[in-house]
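By written order: A, B, C and D. Residues from 1 in each chain.
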Amino acid sequence: MTLNPLLPFLMAGDPSLEALPGLLAEARALGLDAVEVGLPHSDPIADGPVLQAAAHRAIGRGATPRRVLESLAGLTDSPDLILFTYVNPLLQLGLDPLLRLLEPTPVRSLLVVDLPFGEEPGFEAELRAAGYPMVPLLAPTTTSDRAKALLGQRPDPGPGAPFAQRFAYVVARLGVTGAGQGTDLDPVVARVRDLQGITARPLAVGFGLSDPASLRAVRALGATPVIGSALVADLTTGRPIKACLEARLV
Amino acid sequence: MTLNPLLPFLMAGDPSLEALPGLLAEARALGLDAVEVGLPHSDPIADGPVLQAAAHRAIGRGATPRRVLESLAGLTDSPDLILFTYVNPLLQLGLDPLLRLLEPTPVRSLLVVDLPFGEEPGFEAELRAAGYPMVPLLAPTTTSDRAKALLGQRPDPGPGAPFAQRFAYVVARLGVTGAGQGTDLDPVVARVRDLQGITARPLAVGFGLSDPASLRAVRALGATPVIGSALVADLTTGRPIKACLEARLV
Amino acid sequence: YAPETLMQPLLDLEAAFRAALDDPGFQAELKAELRHFVGRPTPLTPAPRLAAKLGLKALYLKREDLAHTGAHKINNALAQALLARRMGRTEIIAETGAGQHGVATAAACARLGLRCTVYMGVTDMARQAPNVARMRLFGATVRPVEAGQGTLKEAVNEALRAWAGHCTEAHYILGSALGPHPFPTLVRSFQTVIGEEARAQVFEQAGALPEAVVACAGGGSNGLGLLIPFAGDGLRRMAVEAGGHGRALGEHAARLDGGRMGVLHGCRTLLLQDEHGHTAETASVSAGLDYPALGPELAALVLDGKVEVRRASDDEALAAARLLCETEGILPALESSHALALLPALAAEGAATVLLGLSGRGDKDLSTYQSRLEL
Amino acid sequence: YAPETLMQPLLDLEAAFRAALDDPGFQAELKAELRHFVGRPTPLTPAPRLAAKLGLKALYLKREDLAHTGAHKINNALAQALLARRMGRTEIIAETGAGQHGVATAAACARLGLRCTVYMGVTDMARQAPNVARMRLFGATVRPVEAGQGTLKEAVNEALRAWAGHCTEAHYILGSALGPHPFPTLVRSFQTVIGEEARAQVFEQAGALPEAVVACAGGGSNGLGLLIPFAGDGLRRMAVEAGGHGRALGEHAARLDGGRMGVLHGCRTLLLQDEHGHTAETASVSAGLDYPALGPELAALVLDGKVEVRRASDDEALAAARLLCETEGILPALESSHALALLPALAAEGAATVLLGLSGRGDKDLSTYQSRLEL
């Protein structure tokens, strides 16, 4: 498997749900295997100001969970999607409606930021069985033992599965999503190397990465950098996604 | 001794110290034996709004106790004066300076509203010996036994002495000085009759009396009505004292 | 239901909490501070004139309004600050709604020499301005939170975010019995002193337990603190929510008949939300009762039928406050006034003896009382 | 030194007071109310961080700020209200300066079902507006007094006048240890509970008495209340007056080195006055300390060398308040801050252990703290 060079994050519904398919097609055209799509939530406790504002704009424009998933149905030229969300909207939809909504979409996995393994075991197991595994998150505060356990609880489906279903998400720094305030990369480099000694699955590295140097440093480790808040902020200015992504692919 | 038909009260220094001798001369010309002259005080706790305001105006115009007494020195056509005052200004002057200031004036007695008998026994005795007895006050709350004691403690110097040194002051009602708010005369009439059974000395009746009917009712008892706040208020309007007093002598 | 970044800090906190509970040194330190600094035990005041007015035989008020800083919040804030110091933390993060928890935390931090940052919604900062001034006097930094309605929910969001950024050196002192485990347990555990004292006091004064025990419930720290120790007593335990000014979603903060199970701020509980799982807006005259979720433990007790939940409207709470002022000379917080507002109904249902938790004093609510009661 | 109209009521009051003191029923009623309603005993709080900052070995704070309504004033107000009810009075008249005595009296009257009218200077009404609102919530009528500087002195004038008009049905609850006999005795007698508790508490906590006991002194109710019970102990007893913003007459309320003996409000004592015996104007950032006379009993103790009197300026008091806030998490009233302001000097004089009376809480002074400390 070749290295996925960038994992972009888009907030569904910002600037509009109608624009989302086009943005995804552009990402695919640039050769990206996967994109994170954020489900706008009222109380995004793991997100910094940029994604909070984007979520609240999207909610204001009617981007409900149901309508977001409906807008993704039947897309043929999309990368694999990782649905980035908080747990409550999924619980309120309920398992069966959620599965029916997911089925026609390119969503391949779920990244539920406030659902540690074990809090909703039945729900998580059903989703996994239906082809929607949960992405494991590994934070700076995650000890080595805990990392091993987490990776075991949300196992690698193996090389036959796409990146979106295999990768673990390495949280680069303490805090919330958002462009880095001069993030020191040394600690995350060390952590990625340690994790690569534990697991063979692909790693994505996010939170606070936006400058080309940081992205290159992640790639140099053989990991995939995530670009979220910086991309959302760029798109808000009206800059085309192609230009936004290309600048971060070098 | 004929009945003194009215005991007027004037606030020294209001409207001005310069006007005081003239006002006193007018009172004497009307045949009044005695006049109360108030020493303006900063905290007149027994006075209603009219006399408070008059005192504060007078203080503002420089009517200090010393200057008030100086302005009374050497008057030849004044009735006998009763110096109406609070105790602190007298204490601050001191006994000897006070006596020196009193000596050339027509002041014949002191009505110190916040000096019950016994609080400053030496001071009071020296003043009495020098010819300045304290006027006994008899309030609605003064019991018959207490009235007898008070009249004994500040005894009647006898028929040879002027009204100003002989009379006891009957407080007509509860509260502070000031024109009556429709004072019911029955209780004070009863009290005056009771007191006339205890003592033969002249009685003055004040607090809340201003209308001619009330004044006549007091006179009908053989007592002298005091006219204070109403007179001070009248003088403030610029009405001549002669007119003010004549209206209340009928 | 917490982000992974917070999972290890939460596990560490739970371990430290368990260890502290088992440490007689910690318990003695906490007890001494509660006694000498907070002023515990707070009194239990018989309220004979109010009882007579309402047709009750006897009414007892548990006086958390007399605790230092003016509300029950200090019990938990001080205990958690001691725990944080024991864990070697030097910084404290807190959220606040009405400001009472923020003031209590700022005071506890000043007392123990810890740096303190309090997140507070801009709406709450405006309506509880005196508490902002008090926090600043205690040396705390108050950070305004502009998002959403600018009330407690947003303040918790922002405090959780801040904690995720500083969880290695900072402790987060959550003030209500909510948030991710072990916070609800911590807060409840540090607040049950209210009910333990009240139970002993009412026994001493009345020689018997009351027929009903009543508390207001925002997150649930005061409600649980008072009600839990009466668990085995077979009496009515009642919690009163903010009925706001209407029955439609967004016009109140009554989670029992307006909410359904959901996840907010790391815990699964009764939550006011729309069909999409977005947290609903709330309304209450009381800044301390407008949280959209009931604490999970209280919700469980309610759903289990062990605690009754009622609602009191803004107007009912205001009227109840005035009545207590005029009959007993005690000025209750708007939160506590919601509990008081239940008394007429309780009397009508035949209750004769009631114990009620006065969670705080109403000084912070004076401007609301003045404008709403036209003083 | 009272008008004749008030002499018999004052004699009656003294007789009723003596009888009540001898009546175990009255004493039991008072004790129960002090415990269950007021929250006595108030705590004695060790203040180790402030002590260390000041170079003291130990500092203990007697926490009258935790008494119901937020200051020591309730001890006397409640006791006198009970006495009034015992005398068959149904109406209460009171004066107030900072508003704490007015609030306490309004609360006590609400508690006992007595009608209450409070006289308050217009200047004080403006700078202590929250206390005006609290009195009104408790059902009291607050009458503005426009005369003079619009502060406590004028309020006492007006209350005395009102009492003279209603002395057959009303009792006048004077709040400071001043006024005509027997008021100074009454007030002192109902306030010594402060020092009695503090003495026992400091013994319990420290195993010994402190080297100095410090209180602020306006009229003297708090000062006497704390200091009298330490009379036989051979320690330094200190009262702190308001130094205001200058040493000239009118710029402060320091009666010891600025005043001389005189009569005001029915008692002979140290008084700030001009050469004519007119009461002088005073100035203090604290509405509770700007009374121009020291209570007569405190003045006598001072002149006898038994109590030391010092002054603290507005600025010193404000700085001391901030320091207590930041080191111990306690917000003192501006009055109490004057006592705190003496501590650096006491430490410099070699005092190692100090007990200080925190007469009230600073919530009422928040707007002054905000503007003067630039929060």
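Just so we're on the same page, a residue touches a chain if its C-beta (ideal position, glycine included) is under 8 Å from a C-beta of that chain, and two chains touch if they have at least 3 such contacts.
In this text the structure is predicted, and so the values were computed from the model without any measurement.
K.L.:
In contact with subunit B and with subunit D at once: which chains are those? Just list them.
P.N.:
Chains touching both subunit B and subunit D: none.
K.L.:
Looking at CA centres, what chain is most distant from subunit C?
P.N.:
B
K.L.:
In whole angstrom, how far does the Cα centroid of subunit C sit from the Cα centroid of subunit D?
P.N.:
Distance between chain centres: 33 Å.
K.L.:
Could you grab the centroid distance between subunit A and subunit C? Build each centroid from C-alpha atoms only and quote it in angstrom.
P.N.:
Comparing mean C-alpha positions, subunit C is 37 Å from subunit A.
K.L.:
When the centre of a chain is set as the mean of its C-alpha atoms, what distance in Å lies between subunit A and subunit B?
P.N.:
Between these chains, centre-to-centre, one finds 96 Å.
K.L.:
From the mean C-alpha coordinate of subunit A to that of subunit D, what's the distance rounded to whole Å?
P.N.:
65
K.L.:
At which residue positions does subunit B touch at least two other chains?
P.N.:
If we look for residues of subunit B contacting two or more partner chains, we find none.
K.L.:
Among the residues of subunit C, which are close enough to touch at least two other chains?
P.N.:
Within subunit C, no residue touches at least two other chains.
K.L.:
I'd like to see which chains touch which, written out pair by pair.
P.N.:
Result of the pairwise touch check is A-C, B-D, C-D.
K.L.:
Write out the stretch or stretches of subunit A touching subunit C in their complex.
P.N.:
Residues of subunit A touching subunit C: 41-48, 52, 56, 59, 64-66, 86-93, 113-116, 119, 137-143, 146, 150, 171, 174-176.
K.L.:
Using the touch rule from the top, collect the residues of subunit C that touch subunit D in their complex.
P.N.:
35-39, 42-46, 49, 63, 66-70, 106-111, 113, 130, 133-134, 136-139, 205, 321-322, 325-331, 362-363, 366, 369-370, 373, 375
K.L.:
For the complex, which residues does subunit D have touching subunit B?
P.N.:
1-9, 147-148, 153, 157, 160-161, 164-168, 261-266, 268, 271, 273, 275-279
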